[in-house]
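Before any comments, here is the structure.
All chains are identified by letter, namely A, B, C and D, in their written order; residue positions are counted from 1 within each chain.
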Amino acid sequence: MPDRSDPEGAVAEAARKYSNWGRWGPDDVLGTVNFLDAAKRRTAAGLVRLGVSFSLAQRFDMDGPQRGWRRRTNPVHTMLDTGMEAARGDQGFPHGLGGADDVVSMPLQCSTQWDGLGHIFDHGRAWNGRDAAEVVTSAGDLVTGIEHMAAPVAGRGVLLDVGRVLGEEGELPDGFAVTAAHLEAAASAHGVAVGRGDIVCVRTGQLTRARREGWGDYAGGPAPGLSFTTAGWLHSSEIAAVATDTWGFEVRPNEFDHAFQPLHQVAIPHIGLLIGEMWDLDALAAHCAADGVHEFFLTAAPIPFTGAVGSPVNPVAVK
Amino acid sequence: MPDRSDPEGAVAEAARKYSNWGRWGPDDVLGTVNFLDAAKRRTAAGLVRLGVSFSLAQRFDMDGPQRGWRRRTNPVHTMLDTGMEAARGDQGFPHGLGGADDVVSMPLQCSTQWDGLGHIFDHGRAWNGRDAAEVVTSAGDLVTGIEHMAAPVAGRGVLLDVGRVLGEEGELPDGFAVTAAHLEAAASAHGVAVGRGDIVCVRTGQLTRARREGWGDYAGGPAPGLSFTTAGWLHSSEIAAVATDTWGFEVRPNEFDHAFQPLHQVAIPHIGLLIGEMWDLDALAAHCAADGVHEFFLTAAPIPFTGAVGSPVNPVAVK
Amino acid sequence: MPDRSDPEGAVAEAARKYSNWGRWGPDDVLGTVNFLDAAKRRTAAGLVRLGVSFSLAQRFDMDGPQRGWRRRTNPVHTMLDTGMEAARGDQGFPHGLGGADDVVSMPLQCSTQWDGLGHIFDHGRAWNGRDAAEVVTSAGDLVTGIEHMAAPVAGRGVLLDVGRVLGEEGELPDGFAVTAAHLEAAASAHGVAVGRGDIVCVRTGQLTRARREGWGDYAGGPAPGLSFTTAGWLHSSEIAAVATDTWGFEVRPNEFDHAFQPLHQVAIPHIGLLIGEMWDLDALAAHCAADGVHEFFLTAAPIPFTGAVGSPVNPVAVK
Amino acid sequence: MPDRSDPEGAVAEAARKYSNWGRWGPDDVLGTVNFLDAAKRRTAAGLVRLGVSFSLAQRFDMDGPQRGWRRRTNPVHTMLDTGMEAARGDQGFPHGLGGADDVVSMPLQCSTQWDGLGHIFDHGRAWNGRDAAEVVTSAGDLVTGIEHMAAPVAGRGVLLDVGRVLGEEGELPDGFAVTAAHLEAAASAHGVAVGRGDIVCVRTGQLTRARREGWGDYAGGPAPGLSFTTAGWLHSSEIAAVATDTWGFEVRPNEFDHAFQPLHQVAIPHIGLLIGEMWDLDALAAHCAADGVHEFFLTAAPIPFTGAVGSPVNPVAVK
């Protein structure tokens, strides 16, 4: 474990060890999603044995965890027309047609989401070594916008239900730092191996707890999550993406005296890793626990907002 | 072809002939998506032979077709933080961490989308015979909200490239009414059969034209699209969903003297059909034309906005 | 004081006694603002003796009291362009021009505001006896939209600083019901008389407290405010409008066993009273306390959103 | 008239001649609004002789001029609750209470507005010589946000109805450059003198035309407006603010071969002038034409969005 008093040094060391800068050329916009190639995707489709599908998205509405930190609210969904006007026939349409329509205002990272490669920077550097100021302006991410991830994110998903394997009643406590050893123990318990190009879903059980007890500080407060020390595993495993059922994917409080999301600072700009947050893994996890199969075909396509640094997503797992 | 002067009568007759009300019980919220069961989904996964994936979504940004009709705008995407502040180090984060974050305001049906079952009514009746006024209020669709479609929409996709088969240079002219015979001709030309539970993607080529010539009246103006007379085919084929590369899926001007989207009025509230609009089928279609394979595994999961009557979607086809 | 167990009866009785339905004809859209005529406005201008101006608006930003109740958030203000891009010269403008631009998403009643006449109903009846369902649909308030208040709301303002007159250290405790006698006592202490057409600003001191202690439950929690029993005073005084420094203008908890804003239910649909909430009266009140003058020229023009049932407002008092 | 081929030189020269940098100290955030002091405001109140009030705001709704340029849309106003649910009694409130509530998403400069001092920069310099990159970031205008203008903008308004004085049927043609001589001619025709601290409202008649003929290119297209050569008059007259009935206050096409809003580039960052746009002066102008009085008490208080570079405003003139 690195020196608690020196997050900056720890980040720098991890960045040096685990950087993927240049690995896919100077123009790369996909990062570790490059690991998820056609061959991996084809093999993954072979995992579909039952045809059962699971949505790994939370519902998007005002009953979400956001509390306004840095202007992040829950989605505000409103109607432009409703069935009430339709039933009264005063919408101006002919021959009995009626309609309802709606709008939403929302932060792109308010609920189940992908962090885009332009979401986090290290000392002003974005993914692949680019100048953050050149990459993300008020016009959005001009280089690595989430739209580039529109097609490829479909492949093998692996559930590592660390909450079930290591927790009490299926849940890890807040502040529990999930290490590479814990991840391997879960994989081993499940009888599954994580490999190149996989989309790894780590269930801590925190969302289960929030669902039972209320959101509380789910958004930004203490949480179980990946230890800073998993940076090496995230790099060497050559996974395409990782996602958790927590707000911020890494353990909170962070494992340094004064820090804020240091693993993000390594994983996104240096490893080029696609990170999913606030995924709802509970229904899938229950099924996996029941049948013992923890791998599946997973499609998790972001909505291609041009220049976005993140996106809501409804990941669908098919077993 | 029905009497041009009597859309109301034509709708009523089609509704009577093709209604699925009650077919899946009084509490149904899925409509024709019920046809897409686990067995169909399992078989569909077997269509993945190459592992190549295609996004069927347009990009979501201000450069879209909307012009404000009924308060429908293009998405307005803005940044909460950018790489410029991160590069200057004035975001208030420790140890060199920087971040970018963003928000969006958008109609849920402004770009590539699904129409939910609460989107269209016939004489105040919603899907399954419900009272539209009881189903969709200012609080949203209380019964058939798009969140119910979060998990199941993954299965066999079939591309019917009517534009390529019947059009000139791959495009049907505006006002071209695609009939069941045209659909069958396309299927026959492709050597593919449409069946129960399929998600049928009909390419007219209009989006290709709009991309070349500018949006013009793409949103609501003249367009190729399904003929009102396809209602029977949409019903008897037992497809799970249909999607087109046009604003409104059915031909415009509509095939009656004074009408507005009469096929919607049959398809959504009576057939219970899931309808996709503004899909971008061009890249997929080019690939299908090249390799002659027009079927694929398609995941088209809506973002589960609670109570929404439609949703943006990034459909991903894997061949 | 009415029977605590029967708010419905109390509302009905007050409605019967204090109704202004029909007073200004069947087509009226202004309610008590009719009392503020040109003669009153002319006289009010004569109150300007110093030329000093005060804004009575809170600042509009995420640091506001809203917590998402019924989808009410604080304003989300984001930039379309900033000085950072301008300084870099990459905005695409010629000859060294640079610009910044911004957008906002907000509930119209999230901060300093007017309640429009279409904001509250009594048993489905809106102001002047109209059917609420005919007045406010998903298209907005078709009859009494706030745009009708665009011009007239400028006239004599009177500050009743009940907090200073009756409270400790200038603040009334939460739950303190301000009665007509309290209002008269404040007026008497100030040496001012409230009359026809006035815009009465009632300071309780709760905002002062919230500014010092944090918002807490300012939005919807316990608060000092007008007693239900002031309905008669609000009616007989023939004031044009009333505004407070609290979320909801009337005392909370409401003065019945099970109730929600019963004074609103009388004041808006029956009296036709324009009600202001979340006004910031502190700077003005300090000045009035110092010079002993509690009347002023007040302009409080809503932004004329067509069909809105409320509006943000920046009231400006000139003494 | 300056050299048409050298807008940059013309801007530089005007900036040198008419700069107010430092005039009100290094920390100034009000610019020319400093001219509008208490004495001026007190005198202005004396202009109220009739008590008649006029709103100078357009209505805010989707039927506005915006077309999406640089993500500027018209306001999207939607309802959270309506009278329809209230009439049905299914809102969850007790004792017959019903309510309607609404939200809006809008650019702050989509309709009747003030340009804040952080809206325009010259070669990366903001008002008072500050670095634009230090002033306006993604967090908004950190120095000269529109909230600083919340209280003072109430004073003497003067209407210069150039359209009526010099135009045909009250309207100047598009492209008509209003010079200082034209402004003086209008003032002379009205029998009014413009002086220090005034808020000058210049009516061109373009909005009248747009109202009659449709918006067309009102937002950004050809328009009558102030000539670049008025920079000296805007400076030497020591007015507090100027507003027009056009999209951009200055004449369009701009008076240089290749230019974009060069007068803004002088007026905002160098003169520190508060500029109003898209004001609706027609009703006021008709009254002034009828009674011959072109001066009035004008309150034009922006909504104090923290850090905004502009604001919607409902200016109220009282004669």
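The working rule: a residue touches a chain if its C-beta (ideal position, glycine included) is under 8 Å from a C-beta of that chain, and two chains touch if they have at least 3 such contacts.
For reference, the UniProt names are A, B, C, D = Cyclase family protein.
Everything quoted here is computed from the prediction, not taken from an experiment.
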Common touching chains of chain C (Cyclase family protein) and chain A (Cyclase family protein): B, D
Result of counting contacting C-beta pairs for A-B and B-D, higher pair: A-B
Classification of the chain C (Cyclase family protein):chain D (Cyclase family protein) interface as same or different, half of numbers criterion: same
Rounded Å distance between chain B (Cyclase family protein) and chain D (Cyclase family protein), as computed from the means of their C-alpha atoms: 43
Rounded Å distance between chain A (Cyclase family protein) and chain B (Cyclase family protein), as computed from the means of their C-alpha atoms: 26
Residue numbers of chain D (Cyclase family protein) (touch at least two other chains): 71, 76-82, 84-85, 88, 103, 105, 133, 137-138
Complex contact set, residues of chain C (Cyclase family protein) against chain A (Cyclase family protein): 62, 67-68, 71, 73-74, 76-82, 84-85, 88, 90, 105, 133, 137-139
In the complex with chain A (Cyclase family protein), residue positions of chain B (Cyclase family protein) that touch it: 7-8, 11, 37-46, 48-55, 57-61, 63, 70-72, 75, 77-84, 86-89, 93-109, 118-124, 126, 131-138, 140-141, 147, 150-154, 256, 258-262, 264-265, 297, 299, 301-310, 312-316, 318
Residues of chain C (Cyclase family protein) that touch chain B (Cyclase family protein) when the two form their complex: 76, 78-80, 82, 84-85, 103, 105, 138
